[in-house]
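Two complexes follow with chain A in common, the first pairing it with chain B and the second with chain C.
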Partner chain A sequence: MKVTVKYFGLVAEAADKSEEVMEFNGELTASELKEQCLYGLSIADKDSVQIAVNQNLDDKTTLKDGDEVALLPPFAGG
Partner chain B sequence: MDKKKPKKVFVQGAIPPEKIANSVANHQSKTNIGAHSIFLGQIRADEVDGKTVTAIDYTAYEEMAEKVFHEIREAAFAKFDITCAHIYHSLGKIKVGKLCLFVFTSSAHRKIAIAATNFFVEEIKAKVPVFGKEIFEDETHQWKVNK
Partner chain C sequence: MSRYDRQIKLTEVGLEGQEKLRNAKVLIVGVGGLGCPAAMYLVGAGVGTIGLMDHDKVDKSNLHRQVLFQESDVGKPKALVAKEHLEKQNSEVQFEVYKEPLTIANAEKIIKLYDIVLDGTDNFETKYLLNDACILADKPWVFASIYKNEGQLSVFNYKDGPTYRCVFPKSTRQNISCEATGVLGVLPGILGTLQAAEVLKMILRVGEVLSGKIKLINMMQANEQTIKINKRPEEIEKIRKEGIAPVYIDCDLKNKEHWYLDVREVFEQPKPKGQKVLSIPFNDLTSRHKEIPNNQEVFVFCQSGKRSKNAIEILKNEFGFHNLKNVEGGIETIIDG
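== the complex of A and B ==
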């Protein structure tokens, strides 16, 4: 199964990338994927990073092939 | 702007003050309007540990952000009796003193327009995936978080 992971703001900076395709076998929830992607990164408050799956905030869902997962640091619009 | 036809919210660079005047001028033919309410977000020269912010570099998860802007808009039209609503948000590096958010609502009466503008601003700050890198004069930076 392949999913596209997008990184934004301070997460993209810490990961030094903005996007990658990840391939894995078996079931994985969005929050498990987040944990994997953020592992080892220098981010002070990982709990503040929200997950969007196919552009909807959601950390409970089990990922499907082709999903787009985004790791979103705290919002700062306006 | 007709409420059925959402326009792109993001603009590259600062919002020119002339855009506000032009928007007001464009509504003078709509004579059912009795009140406009405008919110303008301006980049503030915050001081952090002796360093001063000189600009904010805005980025966004644009596809999701445009979708959320649309949802906020739909919610606003359902909640408030407004005639029209326009939102513009900057992307890219915006210097202090420049405008980065322009919310413009119109209604027959002031209280509705003011409440609707407030709703838009609070919803945008809470729900839209926009990220801001505050750049100091020595080119170091920190990431902005909405309070």
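== the complex of A and C ==
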């Protein structure tokens, strides 16, 4: 199964990419995928990073082949 | 011919719409990179009453993006200077100036005087405060945030729609400002202008308001996408029942053995954890100096190191403290992590 993961803000910076295709077998929820993607990245507050699946904010969905996942950190600059 | 002729010609505006704009009251919280362009367009469009709130002064490093300000404004209060420039742009607009910060004490009261709030702030504490106060005052607010080359935009609490806490329920300590990361002036220019557009649509009751979704813009990569937000009714209910939930962002200090004195106001963040951190705001030092230990070294800090330096002078000259050391560079230099 393949899903596209899009990174934003300091997550993109920590991952050093704005997008990647992840391949895995079996079932995975959006939040499990987030954990895998953020593993080892230097992000102080991983809980604050929100997940969108196919442009819908949602962390509970079980992922399907071809899904697009976005990882959104909050930011506050102005 | 009316100065608004070119917009009145639009079917979305017309004479009726122009009247709506004239009767509208918009509060701009934070007159910086986002607030400056937003204010200019709202004033240009003839929004009748505009509140300008900012407790900061114009700094030379603001000029590249805070397009209302000129070199001669450096050092002057932003809200006041903004009003002076905007008055020249459109003398038909009524301005209210607030030189104080938005706080738990004043937020709801001030917001109630307006129809819509435009968020030009640069920190999480004020964004959550705005969110909660807008829920209580039952007003929509137009949110925008920036990180380097990216922006987020949404309209919250519009017609019972989702709020900021529906997207980001928990606050975070990762308060990173434009000062810290850098930003090209055009990005807040784009976001602030989009915020003004959302305000105008709400006043005119036309088009599609960016409620129930958040727009993500990457200026460098020239792309954007919109993500749908679901309401988290429990988050909104909690604020309605319990009132504004203050965001206290805590942090650890590198050295836990030293005594520290925090002379910042109570709303200033982050708040260091620990038994040996005393918090006495600058203006209360005279009445509360007896709480400060005088038999061991105490490190005094504020946000930048300036207020703490003055605090030490006062405590030394008026109350004979000789055990105080200034934290040059402010709190960021003593935080762990």
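Keep this in mind: the second predicted complex is superposed on the first by the 74 of 78 C-alpha atoms of A that agree within 3 Å, B and C clash if a C-alpha of one lies under 4 Å from a C-alpha of the other, contacts with A are read in each partner's own complex, and residues count from 1 in each chain.
Note that a contact is a pair of C-beta atoms (placed from the backbone, for glycine too) under 8 Å apart; a residue touches a chain by one contact, two chains touch by 3 or more.
A quick note: this is a predicted structure, and the numbers were derived from the prediction, not measured.
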Can A:P73 be said to touch chain B (first), chain C (second), both, or neither? both
Contacts for A:G40 in the overlay, against chain B (first) and chain C (second): which applies, first, second, both or neither? neither
In the superposed arrangement, which partner chain does A:D58 touch: chain B (first), chain C (second), both, or neither? second
State whether A:G26 touches chain B only (first), chain C only (second), both chains, or neither. neither
Both chain B and chain C touch chain A; at which residues? 8-10, 48, 52, 55, 70, 72-78
In the complex, chain C residues that touch chain A: 30, 32-35, 119-124, 127, 144-148, 150, 152, 167-168, 170-178, 181, 183, 188, 214, 216, 218, 221, 225-230, 337
Footprint of chain C on chain A - complex, ascending: 8-10, 13, 18, 44-45, 47-48, 50, 52, 55-58, 70, 72-78
For chain B, which residues count as touching chain A in their complex? 41, 56, 58-61, 63-65, 67, 89, 100-101, 121, 124-133, 143-146
Could you pull out which chain A residues touch chain B in their complex? 6, 8-10, 48, 52, 55, 70, 72-78
